[in-house]
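Going in written order, the chains are labelled A, B, C, D and E, and every chain counts its residues from 1.
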């Protein structure tokens, strides 16, 4: 029963795959599967069920739908359903659409598993599957060589974060012998700190926080529905979600709050500026995603998970709306360059819907997003005045970039050439999302706090009047800035020097830093090791090689000068010794690197030369042997 | 007395070794080998006479050594003949087919 | 035991004679002469045996070796390049090594002879020749038999190797490896 | 009954050789059907295996009782899964089509011989019997690589033989060392494990440990004893690579558990940390060097070094008595064994796939390929499945193993586990790059006529893929069996 | 005395059968026409069979020292005799066609019997004189057998080199024996054991060293190993097979007995044997490495095998495994060597390594036998060589010479290389054309020897049980 939110899309995917010959049916099936998942999720959420799947050896996969999970489990398929409606309506000629639909459905299944996970193993499974599915989704158009590369970058980056979950799971297990969330509290402080570290790492990577943020840009290589889904309620949401879920226990670690708040604040500011500086609509939205999740992390760090949860929900709704609308823009103009869009006149209906999303992104009251943002702000001020001010600046940034994106993307402008107009299904999806964003405004009603606290199973801080004033003032300021810039025609460039702008827009140089600091060294290390592997390690056995070499040389000298040389007294022996040591010195290092095998081989050649064919040599050897034998028998016990 | 005898035997043995090692001709080598055995005879008799109280084994051993000398000489001559016939070789240096 | 002074003199004289004549074996230019020097060496040892009361063994040694040396001399004449020493020549190799080996062997063995303590066991019987007879045909029958078998074997072997003519004509007929390819005559 | 699994293939191998030349084509069906007999035996054994501890289904006959040598076979939680793996891999490898160079009888006979030998290694409960099979596996593989390999096969085969023979003889010294401590003298593994005859702590114990350790490290292989592996894999025919990676490498890790750990537990405990460090070096080294490869098969070969490093890490953690909790050590051991099975299935599939690619493209160079996913969706699908399993994706077998290994090791050697985890990221990067280079992007014009997998190839590959998924999703049936071993080992 | 003599004669019945049979065979050879000469092979076989049965029957008798302390009629000797008998029978089988063209083939079998008798006497000798004579008998017949192809340049060269080496070693040994006689007052090992306890160590060590050189020559151990490759290459192939093996059987057993006599405190015989073993196996293997002549390669590998065999001596008195390991080694090595040479004989003496390329396809059974014998030499289970090596290494480890076992391991690995230089091309090369072969007797010899190699390993229990409790009688 509790597995239904996972199984339904899983089976749905299979059904879609089976229907690949009937495209229409497949598209219908995909939407139906999502709707069914929503229903299943709602049922499960209502029953608050729990379940287990035994692996053996003391490992069980535990799931339960509790806390904020009740909301997430519904939110994920809900948004996915709308995205699928959009996707199914799109591009009817595309045969690969079925593959996309199948993977999207399975992607939802993975995300649902992540959401309902009640232990770290299940969490890790969902977590990694989401990442892997994102690889397929981002690389959907695999014939273009660049897209698989982007997919790989995204996957590898997030997988690095996954190590955090591995570490966390191992630490929990080491500390308690169990992987359950509920047992986490029993862990000793040391282990708990490791768990917290792992989870923060994983969450930061998944939620595209600094320094992992750039993977979101790579993720833009995927088709529009993919971006819409990844950036809203799934994938990116996973990081914030798990922190919300486990915050009560993790906050027992004393550095947890400052670190999370710090990451969130830096990302909110840096990401905001990226969004502001970007020239590409989708990438600007991606930057804003990082920033928005930064806000959620601030709230989690501050201890007000309900605020974070509310922000997450609101963001999921408006960001999917914005991405889908961006997809429409791409379809219409064939580009996402912000200086070339301005579709307001060409696609007025979409413009309105995008506007609603932009207003939510800008946290303009009375939208629900504004309420949650202010709750975040309140939390931030609670944890410190500088945090609060920083968050306020981040909020200002969000208003400015939201306005900028709207004006440049769907603002008034020449109708120009339109390649394709949105289909009915697409508009429907956008409409529903916009409606939901608007509907979230009910949070402003009295009792909104309580609803949030109930839904998120966490705390929220009532906003003080001063904060509201500050917040609203900043919103107004932001709008004013946008208006002024628009008027002056500087909204595209913001008046910044292009190199500075590009630096910021390119995520503050983080991708190239990663390339220079991590990717290149690692691959060069690999290359170097490979060369070493062929040239050195294959002959590593040759610590001994010096010996083999030396022995063969001795043999060589011995035989070259015939056996007389040895017999002929110590003088000759000394000269021989000197000769040998000179040779050894000359060839020293070289000799050591020579293969043991070749050393033995040479020794073999030399050994044969003792068999000179001259019987008097044998006689001499025998006499020497006799002397040596007597010496050994006399002096060695 | 025993000292003298043993030194003499050692001398004969040494000469034999020298001969066996230094001579090229097979027959000359065999002479060296015979000298070595000859010295062994002297050693055995020395001990038989001097230290072992006339142990009969000593005498027998002399006979055995004599037999060894005869047998080795006989087979040696036969082989030298055979080699000479097949290889026209009478010195060790001429036999270099089998080596390394 | 208890040798008189004469014994000392005789033993020393014959001993020096044996060693020197042995040395001369390898110093002459003629192989024939070498063979006779070798015989002198043997005879000297035989004489020493006689001095040491082993008359029977001494005589056997002398007789056997005289015969053997005669054979050896014949061999010289049969095979050797320079049987009569008409062209003085030395045929030696690794001379230095050989000297070291010879001198070394002498020193080691002489040192053993001089320095080592040998036991002094009580005397057993009176007549050594009777002893020998009893030993040969009595207690050491197996050794005697082995020596006989070895002599027999070496006779057969020597004849098999050397005889040119056998009962079936050419004794060398077919004494070689089989053809590696039948009928081609090619061998390893 | 277990004896059947060894001797039926052996007998049929002899029969196969005796087939007249004109009936040569009978060899293949005969071999395929014969290879099902061990499978059946395994299935029955699995059904009759009672969860508990100790060796079961033991069959014993005196062999050379004067020397304490017996013919004893049996299974426990360690050997049963490996025997099953062996049976499965041999069946699919025999099914997999290969260029037999006109020596079909010899090829299939060698394969059946090797199957019997490999099963024998895992089944035998007598050190000498174990060693007999162990060494014969080298001989079989030597001929398999040498006769049916490509490239510089003779050299690679010899290198393989020389290296692993050195290892196996070192192992023999170690075995002798153990034997000389038993009283009365015996090679009986069960008894040695029960009585632990080698006194702990002495020089002798260390020497024995090092000797057997070298033997297993060469076979496993651990860095720096791995250099025989890449050439052997590259030049071997695909089914032989599958067996080499899937079965023969497991013998090394099996030995680490069965002999190093179970027979010398205290010594093992003392050297667990150094072993763990070597394992981590292997993990990272294998992954990094694999990343630098341009040759498909060499890449897979180096990932084997990486994966066997995981196994050894798990074993080292499991054997580090006194450090970490019992649960951690137990789970590490379970993970190590599951990894053996998983790696066998996954890498086996990857090598078979590489054989299919070589048969069509005549080269292993990755940059010669591209965009094949469109032409060969089945090939691409199976490769991607195997690659993802290899990089440890949940839902597939590799993850089950790696998770347990790391979760367990973290409780024992936290730093080693943390460093070793980096290997997971690197393998992800390299496998994705491999997929990208072969299957995605532009299709070179010369591969326009590329054919997808044939049915017979699917017959070999699909079972492997299915098992990988089954173990990934529902491993309880497997872990339950392995757990009987882990419990014992972890308790010390 | 006569009654004693009679009993003693009964004690060594196999010896008498050998000697008597050989003498009867002489008469046969002397008087039958050439066409019937070939049947002397059958005569030799009959003699060997009778001697073999007698030895087998005697295994049930109580071991005894006979002939007044000169001969040990114990089970080790009997087993050694049995190995020699089997080797000789196989040699006869290989020789029939090989020597069919030789007008003197009859004497060949006589000499073969005498040579085998020498080895048998050697295996039972517990007296220095008996040791010297047995070795001489074995050697002089060996020289003759080596040079038996009188027309062959290689054979006569090998013969005289073998002789020269043997004569020097023998000279040293006789002198050494004389010294030991002087120290102990007797020549039997019993006398030596009692007489040498407080003997002067200098003389003892020198005497021991000189005797050891003589035994080393027979074994083919350093520093008197040089004859082995020459004989293997130059001698008639069946004779080479015999000579590499038979003498070694006797010499190893007698070395055991001789070593057991020596006082451990005064003479470092154990380290000496260990050093000789180490050098011998290493040099043999290294020199075999690049041989392109398969027979010569086998000769060098025999040198290295001698080194392995000496491990048993090193462990003497310190490990129960010493004697079983020696017998397993002798049996496995003898059969392996016979199998390898039998294959060569079957291929009409084919010895160039290149000629073996691709032969596995056309002569699978022959190459299979060759591979079995090679693998046995390497020590791959379950072949006889493995059991031998297992016990040898076990014995030396127990004796405290672990380094020697490790060296043996390294050497085994090296040896794989040169065996693979023959096996590899034979199996991995393109199919060659079939080679002309010898007749069916050689095939039988290949089969018997190969089966024996396998059987010694696979059904080793009867042997292990029989050899486990063996003691060496030394009087």
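Annotations
By definition in this document, contacts are C-beta pairs under 8 Å (C-beta built on N, C-alpha and C of every residue); 3 or more make two chains touch, one makes a residue touch a chain.
All of these numbers come straight from a predicted model, not from anything done at the bench.
Listed here as common contacts of chain A and chain E: B, C, D. The chain occupying the central position, as judged from C-alpha centroids, is D. More inter-chain C-beta contacts link the pair A-D than the other of A-D and A-C.
Between chain C and chain D the centroid-to-centroid distance comes to 68 Å (mean Cα coordinates, whole Å). Per-chain Cα centroids separate chain B from chain D by 64 Å.
Inter-chain centre distance (chain D to chain E, centres taken as mean C-alpha positions): 43 Å. Each chain gets a centre from the mean of its Cα atoms; for chain C and chain E, those two points are 28 Å apart. The set of chain E residues touching two or more other chains comprises 129, 133, 136, 140, 143-144, 147, 150-152, 159-161, 164, 168, 172, 175, 179, 182, 185, 202, 206, 229, 287.
Shared interface positions of chain A, i.e. residues touching 2 or more other chains, are given as 608, 611, 614-616, 619-620, 623, 630.
Per the contact rule defined earlier, chains pair up in contact as A-B, A-C, A-D, A-E, B-C, B-E, C-E, D-E. Residue ranges on chain D touching chain A, taken from their complex, read 223-224, 226-227, 285, 287-293, 324-325, 327-328, 330-331, 334, 370-371, 373-374, 388, 392-395, 399-400, 403-404, 406-412, 414, 417-418, 421-422, 424-426, 428-429, 432-433, 435-436, 439-443, 474-480, 482-483, 486. Note for the complex: chain A touches chain D at residues 53-59, 121, 124-126, 128-129, 132, 135, 139, 142-145, 148-149, 151-152, 155-156, 159-160, 162-163, 166-167, 169-171, 173-175, 177, 179, 194, 522-523, 525-527, 529-530, 533, 537-538, 540.
Chain contact summary for the complex, chain A toward chain C: residues 562-564, 567-568, 614, 616-617, 620, 623, 627, 630.
Chain contact summary for the complex, chain B toward chain C: residues 1-19, 21-25, 27-28, 30-32, 34-35, 38-39, 41-42, 45-57, 59-60, 62-64, 66-67, 69-71, 73-75, 77-82, 84, 90-93.
Across the complex, chain C meets chain E through its residues 108-109, 111-112, 115-119, 121, 138-143, 145-147, 149-150, 152-154, 156-161, 166-182, 187-188.
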